[in-house]
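In this document, chain identifiers A, B, C and D correspond to the written order of the chains, with residue numbering beginning at 1 in each.
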Amino acid sequence: MSAPLLEVTGLTTHYRLPQGTLRAVEDVSFRIEAGETLGVVGESGCGKSVTARSVMQLLPPRIGRIVAGSIVFDGAEEPVDIASLDPNGAPMRAIRGGGIGMIFQEPMTSLNPVYTIGEQIVEAIRCHGDLSKKEALARAVELLGQVGITEPASRVRQYPHAFSGGMRQRAMIAMALSAGPKLLIADEPTTAVDVTVEAQILELIDELKRERGMSVMLITHDLNVIGESADRVVVMYLGRVVETTTARRVFDAPAHPYTRGLLGSLPAIGRRERLRPIQGSVPGPHERPPGCPFAPRCSEAMEICRRQPPTFRIDAETSVACWLHEEAGGQ
Amino acid sequence: MSDRRTSVPGVPEPAPGSALPAVSGAARGSTLEPTVEASVSEADAYRLLTVRQLMWRKFLSNRLAVLSAFVLIALYSMTAFAGFVAPYDPQDGVSRLSYAPPTPLRFRTEEGDFTLRPFVYGLKSERSTKTFMLEFVEDTSVRHPVYFLEHGEPYRLLGIFPATLRLFGTRDPDARVSLMGNDQRGRDLFSRIVYGGQVSLSVGLVGVAIMVLLGSVIGTLSGYFGGWFDSLVQRAIETLRVFPEIPLWMALSAAIPPTWSPEWVYAGIVVLLALLGWTGLAREVRGLTLSLKRRDFVLAAEASGASTARIVRRHLIPTMTSHIIVTATLAVPVTIIGESALSFLGIGVRPPMMSWGLLLSDAFKVQVIALYPWMLFPALFILVTVLAFNFFGDGLRDMADPFS
Amino acid sequence: MIRPVRLICSAAFLLAAAPGVQGSDYAQSPMLDSAVESGELPPIDERLPTEPRVLTPPLEIGSYGGTLRRGSAIVVDYLTENFTREPLFMWPLPDTSAGEPIPNLARSVTFSEDGTSATVTLREGIRWSDGEPFTSEDIAFYWNDIMLDDNVAETMPGILQIDGEAPELTVLSDTELRVDFPKPFYFFPEAHASIWEIAWPKHYMSQYHPSYTDGASYEDLNERLTLQSGRGRVTLQAWMLDDYVEGEHYKLVRNPYYWKVDPEGNQLPYFDRAEVTVVEDRQAVALGNVTGKFDLDAMWVGPQHLGLFSEAIQDGRDIDIIFGDVQGMAIYSNMDHPDEAKRAVLRNRDFRRALSLAIDREEINNVFYNGLLQPGGSAFSPVTGYFREEDYALWADHDVERAKELLAEAGFEDSDGDSFVESPDGAPINVVVDVGQHDLYTGIVELIVTRHLPAVGIKATMNVGDQTSVRDRFDAGEFEMHVWDYEGASFPLAQNFDELAPGAPNMPPWHAKHAENGPVDAEFERMGELMGSATQVPYEERVEQMREVSQLHADNLWIIHLGYFQRPFVHSTRLGNVPPMLTRSDQVNDQPAWQAMLLFEKDPPSE
Amino acid sequence: MSVRALLGRLASALVTLVLISIVSFAVIQLPPGDVISNWVTQQEIVAGSNLPPATYEMLRERYGFGESLPVQYLKWVGGFFRGDFGFSVIYDGAPVAEIVGRRIGMTFLLVILSLIVAWGIAIPLGIYAATHKNRFSDYLLSNIALFGLSIPDFLMAVVYLFVAVFLLDTNYVGGLFSSAYENAPWSLERLVDFLKHLAVPLFILSIGGMAGTFRIMRANLLDLLDQQFVETARAKGLAERAVIYRHAARIAINPLISRLGMQLPVLLNGTIIISIVLDLPTLGPPFYRALIAQDMYLAGTVLMILAVTLLVGNLIADLLLAWSDPRVREG
């Protein structure tokens, strides 16, 4: 097996807030292979967005900070540890947009309202290559066409407010892909759009992934989305990875009680049984319980759960951080 | 625990470098547990506070606002007890002390001995034959100790009770303590400032009181009724606001008949400032009313057949009180500036009434500033008052919105 | 070319009619050389009259060039006139009331035996600034077609009239005219020395006059009466109008035909140009002089600026102060106030006396006049021949007790216990004192109104307004008390005759409705008689009469004066020929510019 | 802004214009006694006799002398269309239009220059403070701004005089030209001289506007820096400078433009009062003199012009905003 495109190891990101330090991401490890879609799933506040932003070095300056771990990206000539780069330095900027593209949750606000769509895409293109404005604009039209925007030549001169939410997200994708990144991070790309549009966007991402042979890190709180698009899945809870597995297994054989809970709260067509929401609520970010973060809500919690469980590897595809799987052996 | 201090709510933007819990890359894992616990308990405390306590805490945490509140209390009590604080009658000039400089309070005698009780030297004045100006020489032969809570010239406390007790003074009426020097007529500038504050500071309060009355009533009615009344009010406000305020103040103030007595002129100025100043408040109140009007409790009151007046009085106005207080507080300095500017230009209050603006107009001549710079002291008082109100108002604003 | 400066002995030139300088000796400003060479302008000898008037510089012969700059603190200004005046006669230099007025435009005057007719001979060969000859017709035009034409908004000054009647003027020849009076009028030369001008350019102004030109209208003519409006370009004055912007500035340029020379035959003035810039207030004028923006001021600055000047001199600024003995502040009471009750109060002599006694003139001296005031009452100035020490002391001391007694005796008592007196019929009194914004007088009035008057039980309010509007109230007779200089007291029969004393047809504004309301008292009528006849009697008698007038003023206090004082004036030290001190005739003849045509710009010290 | 919205805006402004003229006329009529009778009395005193009947006729014709207030108002307003705003008593009957015309240019020049100075200094500082949020420099600047906002204009003039007397040369006091250039035609030297004299008053004039602009700019930028599209721009790989200036600051200026309507009165107030105090050749001094002398046509007209200036300023601000912000322009 070749080296993964992205390998995150022991990532720990802290936010310094007036109320104290928030450990947003704690000892997170995962990898993304070339050409695969990794789904990152979890409730809001679980640290999945912070993980993505850590990868992009887009943490709020002076507040968010990677305190430990490595993020090795192998998209350029040689592998580079993003965590060790200066967030504002040229190498990092070359990776942003160039090596890794990112799209966000809110298509309505992700585009700058005072520049035309074209101007914004051109800006991204010219940032990573030495195309003339004219060439860049032609490329932008082409990209818009690729993401399924009709009449791209005229659309390119319009301002974002003339675009619908779905179109904006497409434009965002066009922009994120403009410099030909190896990895696309999609942070809840469909949360703010209609269900009908959601499917189209996911479809589009999938299509582009296949065409370009790139990888996708798909962040979502919606297991259905995972089911549709992801190859493998990372489940996060309160800043930690609780389970890493394949998309299929999430549904078929969830290992962690939290994953099971998530699944249980998922309405599915044709299922007659009652929804079983996870009891309790996600504690506030400053109220991290000691030991297993899920223990207070876990129906199967044991005495040992007061201690943070290590990650147990069940097999080649699945590892889980739960004492229930202690017997599965080695980490 | 040292971080407890930093977790006091109401400091949303701690100064850089303040003692936030330091987290180093190495110190991970269980070693950090105490920090987390501290945050947890603090957050609980935060949640248990009542809104009132929360507001109070928030205000107290704004140190400039607290300081300003003290400054304002000091200034207002100074003017309320003007007779007690001021050592001399503000109108009583000693012509030989024309433009005499501030009297230095001394603690060290000629012989070099230190005395705890400050003393002053008397001033001898003589007219220079060269410049024709009065020149002052301290008469160091006699020391005049400054006594506190000393009986001096009679005055009326709060304008009613005859009194003679003064905060400080010398026992020899010829040796005057002029902390801030003397004006052209040899009147003690400090005393004049203390009395002048009565006009300057009260204009703010009285004017704003009228403004609040006008603004909240008109604003509430306008927002509550809407329709033609609202359009009319909005149009009036728009027109008033398109006039630059100082020129409009000036134009109206200049129309106050010159034959009015100083007291009436004062009243005229106050009313004028209030009549032109209510618009901002009215707008704000109208906006609030519009948003409150559709809230449940008002709808409920309406449904239960409460009269309009009752709804406005019992439901709308109390709900808006905090906003009104903040806006009103911030309107006080504007009014004070208005009066000062008008008096400074000679179209505000008239002598023998005193206000800080009027006192300052005496100083606004090149030769006065060059030769008698202490005449600028009133400017300091205006500045401090306005600043204090602004900081205080800022604090109140934060306080009115304790959850931000 | 700058001439070598030589000190001359001024005594040698005291005689006004100094022997004419030989024609070949005349010199002109280099500014005019090119115009003469090109033939635009005739040579100097042809421009000057046969007998130019010779003026003696107070210090030295000056040099040509430069701009004389002054500041003005009012928007509407009549200042053009103040640079130079060109009447028939001028008051003598140096001062003496006994001196014969000096012929100016006139060469001489002879009276008929009964004194009812005066024949004036004019200087020959004087030209207007446009080169047209000046003749008796120009005087007759101003006299008959301007001053005596009721459609023209310019009236004959009261001082030229006798009992309200204008004398009759007859032109005898180009240089001779006769004036006939209904009564003897020996004061004729002095009267004419007291006015600003006596001739208007007929050849220029007649084009706007309906009597001379078809299609001309009085409305248009009335717009053209001021010097600023264009008339100033055709003038007999040392400078003529060059540029005028209302409320901003006006600029003058030398009159190439000016008919006066210095003893060496240099055509005056020395300065090529003169200009006045309007600034915010007196303070700004004083400041402009300190900073070298202006060259001199004898109009707007006063004792209130002494500190500024002293400080500036110590800082090494190029200015100096000179002093002039001038009248101080005065309070005018309206003898004809429309309100009967108020009129009764103001007309009460004891009330006015009490008011005068209430004023602490020594305090005012200390606080406002820097010790330069000589506290005193309403007598004529010590520099006149009419002054008597005892008159000056009348009702001028500070005596609160006496003031209270006077009020009580006159029935002014505090019956309601508010510590202020009521009028004899029990009505409360509140005297409104009008004062224009003035950086000296407003302070003094405030002191008087808030401290001095309440001390004797007189309630008064100060009404501060713009100088112009306060003056309008005064002129309209709509005031109670009005504060201004004790106008005319330094020159009782000359300057501002109208304000000081009665004299039909122009009663003083403080007693304008004399006929309607009846005279205030017998003393006033007596004064009127004396003033009226003073102009008709020989000098010695005049002095006696005027001393009595002075005494009447001091004793009756229709106008309450605070005293004469040494007024500081300021000038740049680069200015030459500034008199060492200001004399009375300087003030009358050329105040505030002090013989402006003799001032010049000194060379900067080269060694 | 659509044409329809624009027309609506203009119509509303027109109504306000009429109301402004009514208020101004009320101000003219406010002092006891009416302007014209006072003037007639004064003229009659000067002339020593009654004015010619033709003059009365003219006054009735032009100003509605002796007629009712509405008629007088209409006559006054009617004059505007001929450029006639009445006459000034203190300027010896000169037309108000002429007096105002001479000084209005300098008034606007000062206001515009002070706006430029205020923005020129405050915008960069605001950007600096926002990008250095919570650091010492930010605190310092913010508190200085609150301080600057608190100083009344007339006090600034006092401070100016104090500075002029003790630190500069007294030559700086009063006027905007050295005596040599006072009445000279415009030339380069005169311009330099003018700017030299202007520098300090202009700075003082700008302080109020500066403080306000700074606070708005800082707050806006702080808001904007949290916006999604700023993160988008960063994710594109743009350099931090480009992100801040091209994306955030560019938009942060829009509210400044829309608040121009609130800044103009501040600057106009300052210009008028500082001009009065320092005798600068703007509308301030004649306005003040006119008020003291109750020369009401002049005073009322100046007041009206100031109000109209603000009205027009607001309109221009709206148009500028439309030009600057496509959402407003096309929305």
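In the analysis below, contacts are C-beta pairs under 8 Å (C-beta built on N, C-alpha and C of every residue); 3 or more make two chains touch, one makes a residue touch a chain.
Only a predicted model underlies this, so the values are computations on that prediction, with no experimental measurement involved.
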{"item": "Distance-maximising chain from subunit A - centres being C-alpha averages", "value": "C"}
{"item": "Chain nearest the overall Cα centroid", "value": "D"}
{"item": "Chain pair whose interface holds the most contacting C-beta pairs", "value": "B-D"}
{"item": "Distance from the mean Cα position of subunit C to that of subunit A, given in whole angstrom", "value": "94"}
{"item": "Centroid spacing, where centroids are CA-atom means, of subunit C and subunit D in whole angstrom", "value": "42"}
{"item": "Where subunit B and subunit D are represented by their mean Cα positions, the distance between them in whole Å", "value": "28"}
{"item": "Distance between chain centroids, defined by C-alpha means - subunit A, subunit B (Å)", "value": "55"}
{"item": "Subunit B, residues touching no fewer than two other chains", "value": "13-14, 346, 366, 370"}
{"item": "Sequence positions of subunit D contacting 2 or more other chains", "value": "134, 170, 173, 292, 294"}
{"item": "Where subunit A touches two or more other chains, by residue", "value": "none"}
{"item": "Subunit A-facing residues of subunit D, complex", "value": "134, 227-229, 231-240, 246-247, 250-251, 254, 324-327, 330-331"}
{"item": "Residue numbers on subunit B that touch subunit D, as the complex places them", "value": "13-17, 235, 238-240, 242-248, 250-252, 254-255, 257, 333, 337, 340-341, 344-347, 357, 360, 363-364, 366, 369-370, 373, 376, 379, 382-383, 386-387, 390-391, 394"}
{"item": "Complex contacts: residues of subunit B adjacent to subunit C", "value": "91, 93, 95-96, 98, 127, 130-134, 184-186, 258-259, 261, 346, 350-352, 365-367, 370-371"}
{"item": "Complex interface listing, subunit D residues touching subunit C", "value": "38, 41-42, 45-49, 52, 54-55, 89-92, 94, 98-99, 102, 170-171, 173-175, 179, 182-183, 279, 285-286, 289, 292-294"}
{"item": "Touching residues on subunit C, where the partner in the complex is subunit D", "value": "69, 75-76, 150-151, 153, 155, 218-219, 245-249, 251, 275, 277, 279-280, 284, 287-288, 290-294, 312, 437, 465-466, 468-469, 472, 475-476"}
